[in-house]
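Below are structures written as structure tokens.
Next come two complexes built around chain A: one with chain B, the other with chain C.
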Partner chain A sequence: MYYIPTLIGLTVMVFAILHAGGPYKLIAPYINPRLSGPARQEQIQMLIQKFHLNQPIYVQYFYWLWALLHGNLGYTTTPIFSGPATEALAIFFPNTAVLAIFAGVLMWIIGIPLGTWSAVRKDKPDDVAIRVFSYTLYGMPIYLLAVVLIIIFAVYLKLLPISGVVNPELTVGLSWYVNGISYPTHVLIIDAIIHGDWKLALNAFEHLILPAFTLALAAMAGVINILRASMIEVLDQDYVRFARSKGLPEGVVTKKHARPTAMFPVYTNFAYTVAGMLSGVVVVESVFDYPGIGYWLTQSMLGNDMGGIMAGTLIFGLIFVTTSLALDILFAIKDPRIRLG
Partner chain B sequence: MSKEESIVKIRDLRLSYYTRRGVYHALNGVDLDIMRGEVLGVAGESGCGKSTLGLTIMGLLPRNAAIENGEVMVDGFDVVRPLREYFRRSKGKFKPTKNDDVLKKLHKAMMNIRGVKVSMVFQEPMTTLNPVMPVGYQIAEVLLQHNVSLLAKRRLARAKATREDMKAILGYLRGNDMASMMDYIKSRRLEGIEDQVMAYWRRRDLHDLVKEIRILSLCCDAVNPMLRPGLSYAARTNRLPSAPVLRQLVRHELVKEGYRKAAEYLGLLGMPEPEKVVKMYPHELSGGMRQRVVIATAMINNPELVILDEPTSALDVTIQAQILDLLKDLKQETKAAYMFISHDLSLLYQVSDRIAIMYAGKVVEVGPKDSVFKEPKHPYTQMLLEAVPTLEPHELKGIRGEVPDLRNPPKGCMFHPRCPFAMPICREKEPPTVDVGSGHKVACWLYAGGGEKK
Partner chain C sequence: MARRGGLGGFWNEERKLSLQVFLSNKPAVVGLVIVLIYIADALIVQFAPWLLGLKNPYALTPNYINPIPQPPSWKYPLGTTYPGVNLLTAIIKAIRVDLGLSVAVVLPGAGLGIVIGIIATYIGGWVDDLLMRITDIFFSVPYLVLAIAVGYVLGRDITSMIIALIIVWWPLYARYTRSVTLQVRELTFIEAARAAGASNAKIMFRHILPNALPPVLVQMSMDLGTVMLVISALAFIGFLPVSNFPELGYLTTLGLNYINTAPWTILFPGIVIVIFAVSVYLLGMGLMDVINPRRRSSL
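For the complex of A and B:
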């Protein structure tokens, strides 16, 4: 039950930093630029009153918390969306979720076989190649990785689109796609499939591949390295030798006997992998112009948009905390040694 | 060939470990035979190559182990041939990674030997079992890999048997008429039921009434008709059917059967409440129970040779005694040969038929246990036996000096720096192995006439 304190600590910290710049920065986006003189001052005073900015900061925090408990996350004004922050979350979160899940699946189905292979073929040329690959990814900032992938696959090979979610020509005149927001789920691929527009769905999928791969590759390096290290350790264990002494095929020995225990460090580290992916999402969505939480949060931060920043922070914190909880449950399922009762 | 007297024949085996700190000559010309059905005790100080010898027979060597010479014939199959050939090919440029490739191929070639003809019990029951698998599955796995037909037959027989069949079988059992029981089972085509019947009949911890009820309830356990062809295919060919979904279903059914067989076998090994134990994980069992599980895994396919690498060293004395009793019982019931590796001489004297004494990677003395213990020939054996504490007070003598550094072992006889009888020739030439009568062999110049030549 340390999840609630974690979230409170996180929001308190962001709230304090956000308010460190004084009230005028926070209300700047709401001031009518055509007003001047006393009218302008009056509006400023009114906004300060309205957002309780004249109160001590802890009182302001409780106002925010009170509103949050009533399902009100405040307002957000960014170039890509203006309105209630809850509505912004409803629009942007599904897109990020699709991107992150796709990236997570890619990371899992590529990273785990590579890590296993690398450990089984320890010190041989293919292992060295995998290690060079994973350490290169490890050392590369994610925006650089994104640009490298764009240059290779979009600019030179021309296989995939550079950025965006869809080719705008395909969306002309669609009733369910207005101002870059699709209905009803707000995820273009799913909506296109719902409306039976397979061509559009395929196009949207092509736009998803590069961002997902960028995110997956950045997160994969950790999985490969950790799995390789723990797998090498486990392969030297007595019970692996005992499994071999039973005359089982090598594939069964590595996959069924060695890997389940070697995966525990990977699961432990998975919370950090998710944290890395969340910060990756912010960068990747900005680079690829992908309308998700990360892109929205970047825009909010550029515009000192209090509602957007707080809502984005809260949702990221919530994802991280939920992942940790899910990991605890996963451990209880996978490791009989920590099962209770 | 399989009617040969020895199950394992080791000739001039030389093995080295290539490490960063140098080349350790772990085995230096081992000659040893293990006869069918005997218990061979292998004794020696730590680091003399006992465990390495056991692992070599299993082909479970680490990647940096180089076979420099010699052969290890396990029932006619030369285990070390690929490794030896690789070492010859490498011409002094031995690479552990390349050796690893050879070992992987060896694993594949030995799949039908390990767990079927030869199996091994390791020293530490705490770490030998996989912590995240139920122990029953770990036992059943061996059957599932090598003996699918037995499992399928057992399942089909239970589906086919009627209550009348079981009553008839119980009648034969009560009359102790095994031959007629087998005839009856054959005539009713219930092969596979005898395995289960006997497992209950021979249990000691159950009351006779419980046994009979359990035997009677072995009938009328219907099989899903969709699985029946798959099961009979498995019973006929000892292989799982290859059709994808059917394969999984049949496998699932046979895993359940494997748990049953595992529980029966553990019951025979004196495990209390085996039906519950098979569903437990290793951390829920005590050391002695785990070692029983390991022994069950090693023995369930009735191998011809079981290598026991210090099976009782990690256990406390009472459990040690129980495990030894168990092994003695198993020895009487099965026809398997045992290679019992230990540094506990009194324990070896209890269990073995023959004893081999190793020193610095060489078998220095081997022979029937009485002749080795009563009339030790090699100076090392003599000194080793003097160092064993006994109930009668006698002066304990240590062996002076220490085990040679195996990176540059002494020339000639390995033992000469510590030997009180060392002669000039001992420093120059390796002693040959001579037979001093009734299969008692010694590798020492004292008996090879080394003194007279010079």
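For the complex of A and C:
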């Protein structure tokens, strides 16, 4: 359990990145551009005093950490949101969470059967097809995957919308949807259900399908490959042969006997899947203009907005560390060697 | 590695067997051929652009007379993208940039990671713990996000992109090298070397490193593709404030506004990356067979 040291290290790293540019880079957004000459110098001195930038670096770290723990992450100025970074997080994080969870579920319900099937039918044409599919996914930049899905489903088949979260015609005059931000949960689809607007909820769901599918497919390649490899090994073991020789149907042998064992490498590698997904979120959200922390982060990057970049880096690190801790605990509970021993 | 007798010279039994194992893996051979084509392309554009008739090999050539993307034709085999850029020559130029950038990230990243990984295993104890906790911290931030943060501090340009990605990539190699060298460290010949009075540095770099290197090199060859994906993704989200820069991710963004009418502007640069990433992966799998004793003995 290295949860706490990793978190502390994460804050140290973000602090180091933040301060590597020197004090002037830190206060630059706060300087009034209309001031010049001595007044400007005076303001610079005042800001350095105010932000404790004249103190030793470790003292500055504790001032910064103190502010952080009190929910003060600085300010962000991007085309999609301006204001305190914590408020931006409250708005964008739920959207990302919904997208990532939906994508994770999709990945699981498509990837696991494909991996199993591929191993059972080893070297048959359908296995080769699945492997070509997963290699292609593996080699595909995630933005290309997103755009290809847009071209297929939105441009040619016209089944799904290209980007955004909702058809703007449906949101005209809604009291709980202001300036692209919905209330109270900030996730449009949940808010629409809360307010009983099922048409809007359905529309928001249609907008969610393509981004979620992109993320799921991108993360799926790893799961399929790992599961196939470990499944092939397990299918060759004596206890599986025994189950088969008992006369159990093949489906029961693979699903009930072989797969639970073969899943362990998938579980132990799941943290990497999550990490890949979080990187994917940044790209997918900016391709689809989906208002999550990834989109906010790219907007901050384009505008050189320090508050957004630092808050985004911290929150992504926090999400990853927390999920991997949760996964560790979950899989430890699932693993009979740990549960019973 | 013990040298068995036989032919002597460069093509001894050992190397012949390696070649045989590699050639028996057909996808890997295809991968190798494709990777070699990419490398040849990069070298030609770098050193002899006149061979391909490229007038302006290091930048895209816009044609504002006809900026709207044109479909593939005899004059433009892969069509054109906004603003009137010939996609075929653009892709030929871009392969050099992408391959160069990904080598520039993987080599130093791996070098740094290998040294740190070996130090961690060999010294062990709290140094090992500390170094591994540090890699944990780097792992905890998704690589794209970390690259954005580093890019903010250094200013977003090509150099800072390379530095950012090296910072993101070395922990992977440190971890991997450590896991490989941990097994080597326990072997008897290391103990023998220590008993013979070899210094720590000599044991680390003369005895442990050569045994740990082959798997790490395989990993490096595979990572060339992964890093290219990351570089193009960064360029795609606008990390590089450039114009006319022949980079595959940037090339893709040029056609984004024409997604309804000109899908080739997006598909062709993308397919070039996919082919490279998959080939490199297949090549890596083949190399893995070569260093895998079980696979060797089966021939």
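Just so it is clear, the second predicted complex is superposed on the first by the 329 of 341 C-alpha atoms of A that agree within 3 Å, B and C clash if a C-alpha of one lies under 4 Å from a C-alpha of the other, contacts with A are read in each partner's own complex, and residues count from 1 in each chain.
Keep in mind that, in the parts below, contacts are C-beta pairs under 8 Å (C-beta built on N, C-alpha and C of every residue); 3 or more make two chains touch, one makes a residue touch a chain.
On a predicted model such as this, the values are computed, not experimentally measured, just so you know.
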item: When chain B and chain C are modelled together on chain A, clash or fit; value: fit
item: Partner chain in contact with A:R40 - chain B first, chain C second, else both or neither; value: neither
item: Which of chain B and chain C A:Y239 touches, first, second, both or neither; value: first
item: Partner chain in contact with A:P249 - chain B first, chain C second, else both or neither; value: first
item: Partner chain in contact with A:K334 - chain B first, chain C second, else both or neither; value: first
item: Touched partner set for A:D123, first chain B, second chain C, both or neither; value: first
item: Partner touching more residues of chain A, whether chain B or chain C; value: C
item: Spatial angle chain C-chain A-chain B, Cα centroids [nearest 10 degrees]; value: 80
item: Partner chain(s) touched by A:L302 [first = chain B, second = chain C, both, neither]; value: second
item: Minimum Cα separation, chain C to chain B, after superposition on A (Å); value: 7
item: Chain C-contacting residues of chain A that also contact chain B; value: none
item: Footprint of chain A on chain C - complex, ascending; value: 133-134, 136-146, 148-153, 156, 225, 229, 232-233, 236-239, 249, 252, 256, 259-260, 263, 266-267, 270, 273-278, 281-282
item: Contacting residues of chain B [partner chain A, same complex]; value: 58, 60, 96-97, 100, 104, 107-108, 110-116, 119-120, 122, 124, 127-133, 141-142, 145-146, 281, 283, 294, 297-298
item: Chain A residues touching chain B - in the complex, by the definition given at the top; value: 122-124, 237-239, 241-250, 252, 257, 260-261, 334-337
item: List of chain A residues in touch with chain C within their complex; value: 2, 5-6, 9-10, 12-14, 17-18, 20-21, 25, 135-136, 138-144, 147-148, 150-151, 155, 162, 275-276, 278-279, 281-283, 286, 297-298, 301-302, 304, 306, 309-310, 312-313, 316-317, 320-321, 324
